[in-house]
């Protein structure tokens, strides 16, 4: 039973992430939305793992890999945003 | 019952994080969301993932976001209050709803199927060199996945190093002895925790990523307290830091290549020494993940000077 | 021996890419150049191997990762090696290139080799992610706000694409409990979760291949990037994502890829061809024209994929070398687009301006680049004596066999559009009224690299028969 | 012997309930106080005490000595970090206040 | 079927020098001219050798498999020999003429490079042994000729180039489509004298669709009625370009394609059986009349010649469409005769433009006194076109008439008559004005190009030689080395009619 709730939570996160991405006005919001979506996808993977005890180790490994990929993508996105802000500040003054 | 409350809380936080137009608020809510998601994952019997999510997904990502926000002052101002929020047309809402329904029905259909690779994992666990299944999958069965994922982290850092632009905002330095003494006291404990996490990775939830995250926060604490630690100026540190960055990927790939000569196939280890090789790789990976994540956060600090890394 | 060679194919570029961070700036170009050439050699060597299935670390596939070296993967590795090698030579000659280019480029190359080899769906996601991070970083190499904004938009689109792809992978794992492509293909049943996974993964990859509705990011990213980078992006990086589409549609989701599904692909492809062609005709800038032509040519590739899927779905049609044709078209576009971008970049550097109105004189003074561009346009348009012509002949005869009149017409109009915007450029070179202006000194060797790539596009046509029968 | 254990459990539960009460007070303080300095005050005091009580309650119910000791360490760390963080935030707030009088 | 490399040698004899010429610097005039003329001579020599071998019963066939089921095949057969000898001879003469004509203009290396590529493409068209190879060389011809049309780089030539491209590239795609469909229906076997579609059991509707598609593809280059628009506009190109390309190479490739299509793809009996030749007949006849009619009203000399080319080329199509031995002979002969006559006219027109700056027909009066030799060549060419008895034109028109009468299509006889009258109507006043008209007080742009002759030596002799050919081909048609004898042997051997 608890598996179903968490998969609904996961899908909820994914859908909210997609909504946020469509609605975002600022680069940072877009990055946050994508990270919310990835948290949702990882949670979905984990609910797949937790369907039958013992919890399946392969999706958990995938999630670990996914988290590191998500953080590096976030870091790269933020670096680009910082540079964009600096360049626009330069072009103004 | 608890799961239901947790799910509602997570979704509420996520909705608020996405809806709010104030960036600072969005980031704070995002960090809280990360914590709750980590909690939910412990409920899903995935302690490794929960540890990683808490340390990396919420902690370091939060630090990164807050530091970067600091450097985008003029852009952080929320959209002018009067601006019409781009209401998504009914068509997009329809599409969004349909996708949601499709996903729910798809996942519901899958909920009952009982397929899992766990039996194979447990069958081969004995000659994988470690006893903890997640570490076995990560570092032995699907070793190339992890190697390339470390490469993703390294290449992201390479890009950020290239994109670095010195911060221009005024910064209020944290003087006073309190932080220095606290850091001096906490640091050995954090290193101990990191090593412990690394060591127990072979038998219980833990491993390279989690210990790497703890190491990263240790380095950050050092830098915040202006204690000499992570800076190129100190003697051999320059090469040490660069070796640290590349350490994880290069060790992993070279050991993998070695596997071909030892007859265990690419990215394979001879069964008897597997445990030793995995430990070597894990320590190198932990070190380099820690250094990379720390460097990424430091580079986004407003008062970070060019030459330190 | 072969396993060692294949392992090196992936490890060598990644290792050297990582090492470029340590090597002092002066030697980076030399180290990077050498590493690139060795990788190219390895890639060409890999083409000569016999097709095989390799299991990593001796763990059999459902648990471990599998490397599959079949005709499709081999040819793409070979194309990446050849085009990558020549673009590296061009980059080696281009002094204006920042040293970090080499680290990023080798990383992208290693990722592509791993991507073509892998037979595991999640591993495909990880390699695709490494490739996207490296490509975004390469786009951001150009100084100036425009490139950074283009890079950020590229990052966003590719991250969303990857997330959708990963969602599909999660559903697949939930449904079949297996991540290996061959095993998935064996167990695939057309039920609802599989269809959903199929749709999600396809949309994810379409975003990364910049097919029509999701192509917005490509023109800015490829136009703003440095010359060598835009050649790499247009000729190679797009193909990796398209390769993913090929694997999904032709192998993993075989039973689901029905004729009606191929119609969806076909419609998207036609829209891409016409929209890309229209924009290419309209734009006033050189590199943007070439970038829009990439959007159109990707449309042609997707159209070919739709036809092949339709052929496989009917399966009564004799397999007229189905996937060879697709790979052939990929090779045609890779060679021609790389040559076109390099030549355009050289001319733009000489004229020091990107506007078509101002490059008349520079075009006039760089005959070798003009010939390279001409050959590239001829090959893309499918005119004779080029690989493109054979590709177009294969595409038309496939469309004719399937009685797919719509796609037959679209592919014909597509190549006419290519001629139209291609000749827009060549006209400029023959007009000798370009006002004489001071041209920036650019080494002629770079023109020759572009010409060499274009000539490969022509010579390839002759050496083709061993490819069609042999592989 | 068993009723001693039951007694301990009940005592633990009661202490934990008390701790939760302090947590609620702390959060209430966070929401009600106007200036961030006061909010800082409410958070550190009430929450640390709450955490102490919860930990004490858990120690009572703890199966073995090792787990109890670990819980104590958790509490001390919580204490140290709460104090450190509140000091730092207070410091930066004051330096900001000196900037704009 | 010995796979000899002779056909390849003929192809390379003009392609390789072409590629080399591209890289010769502008100033090295003598080296370039030597290379050019040398290549032309070698090619002529090779072709003559091949024809003699062919007459002795040799077969020359070369092939290279490109894709499964698709081979690049070159074969020198009697039909190919006819077109080869025409292009070889005229390429030599036009190269001489071009060297003289482009004395001081820029980009000559580029010009001669593409010039040789274009001739090798024509040779490829002549020698292609199956439809696939034919399409390749046919399209290559477009690519090689476009830079020549646009050689001057002026806005008008660019506009003409754009029109030229629009016509030829679109028709190229249509031709490719037809070839692909045919490949889908029956595959791409080599051309067979009796045609290989007869007993393949293909639905006639598809046969018609393929024929129409291929006809559109070929019709543009053969300047059939609705698709001839580009030819007059392309007259903006320099004289040697309009002479060789639009009188010989490009236009003849289209006509030659139609001959291959009807004779060696469909087969003459099968084609007339399913009625495609009737369509061709109507189209050819309409073009003949329309071309001559439009030529009547053209004031610009080269445009008038262009429209006369439009009508003359359709004689070939007419001959093929008559589906009889005599019609076939007439049509095939006309390929060579029309080429020789038309090149004489174009070269002389080029002389007038170069030496006296004459472009308009009205400026032609009295040119006979100023440039007697060129006008003599012009007259011979014009009389030949009208079909004056001893000249080459008469022979082909005679056989066409015989073919028409034998096929019982009397209205075709009327068409031949009307077009002959129209030819006379737009050529004779021209000649009269040239010889008997009063010379104007001053020529538009008089230049003295050479002290001893009326114009530059290289400009004068080529038209004279071709005019002499017009006469010789007329008088000694019967010899087996001359066109009529060769074609009769060809028709007898190949089609057993």
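Miscellaneous remarks
Order of writing sets the chain letters: A, B, C, D and E. Residues in each chain are counted from 1.
Definition applied: contacts are C-beta pairs under 8 Å (C-beta built on N, C-alpha and C of every residue); 3 or more make two chains touch, one makes a residue touch a chain.
Because the structure is a prediction, the values reported are computed rather than measured.
Identification of common neighbours of subunit A and subunit E yields C. Steps from subunit A to subunit D, minimised over paths through touching chains, total 2. Considered apart from subunit B, the assembly falls into separate touching groups, namely A, C, E | D. When every chain is represented by the mean of its C-alpha atoms, the one lying closest to the mean of all protein C-alpha atoms is C.
Look at the CA centroids: the one farthest from the centroid of subunit E belongs to D.
When the interfaces A-B and C-E are ranked by how many C-beta pairs touch across them, A-B comes first. If you average the CA atoms of subunit D and of subunit E, the two centres end up 100 Å from each other. Chain geometry summary: the mean Cα position of subunit B and that of subunit D are 28 Å apart.
In whole angstrom, the spacing between the mean C-alpha positions of subunit B and subunit E is 74. Note: centroid distance subunit C to subunit D, computed from Cα atoms, is 58 Å.
Touching two or more other chains at once are residues 14, 17, 27, 44, 48, 58, 62, 65, 69, 72-73, 76, 80-81, 83, 87-88 of subunit A.
Touching pairs of chains, sorted by label, consist of A-B, A-C, B-C, B-D, C-E.
Of all the residues in subunit B, the ones that touch subunit C in their complex are 102-103, 105-107, 109-110, 113, 115-117, 120-121, 124, 140-145, 148-149, 151-152, 154-156, 158-159, 161-163, 239, 242-243, 245-246, 249-250, 253-254, 256-257, 259-261, 264-269.
For subunit E in complex with subunit C, the residues that touch the partner chain are 64-68, 70, 106-107, 132, 135-137, 139-140, 143, 147, 150, 153, 158, 161-162, 165, 169-170, 172-173, 176-177, 180-181, 183-184.
Residues of subunit C that touch subunit E in their complex: 321, 378, 382-385, 389-390, 392-394, 396-397, 400-401, 408, 412, 415-416, 419, 423, 427, 430-433, 461-462, 464-465, 468-469. Those residues of subunit B lying in contact with subunit D across their complex are 172, 174-176, 178-179, 182, 185-186, 189. Across the complex, subunit B is touched by residues 3-4, 6-8, 11, 14-15, 17-19, 21-22, 54-59, 62-65, 67, 98, 100, 103-104, 107, 110-111, 114, 120, 122-123, 126-127, 129-130, 133-134, 136-137, 140-141, 148, 167, 171, 174-178, 191-193, 196-197 of subunit C.
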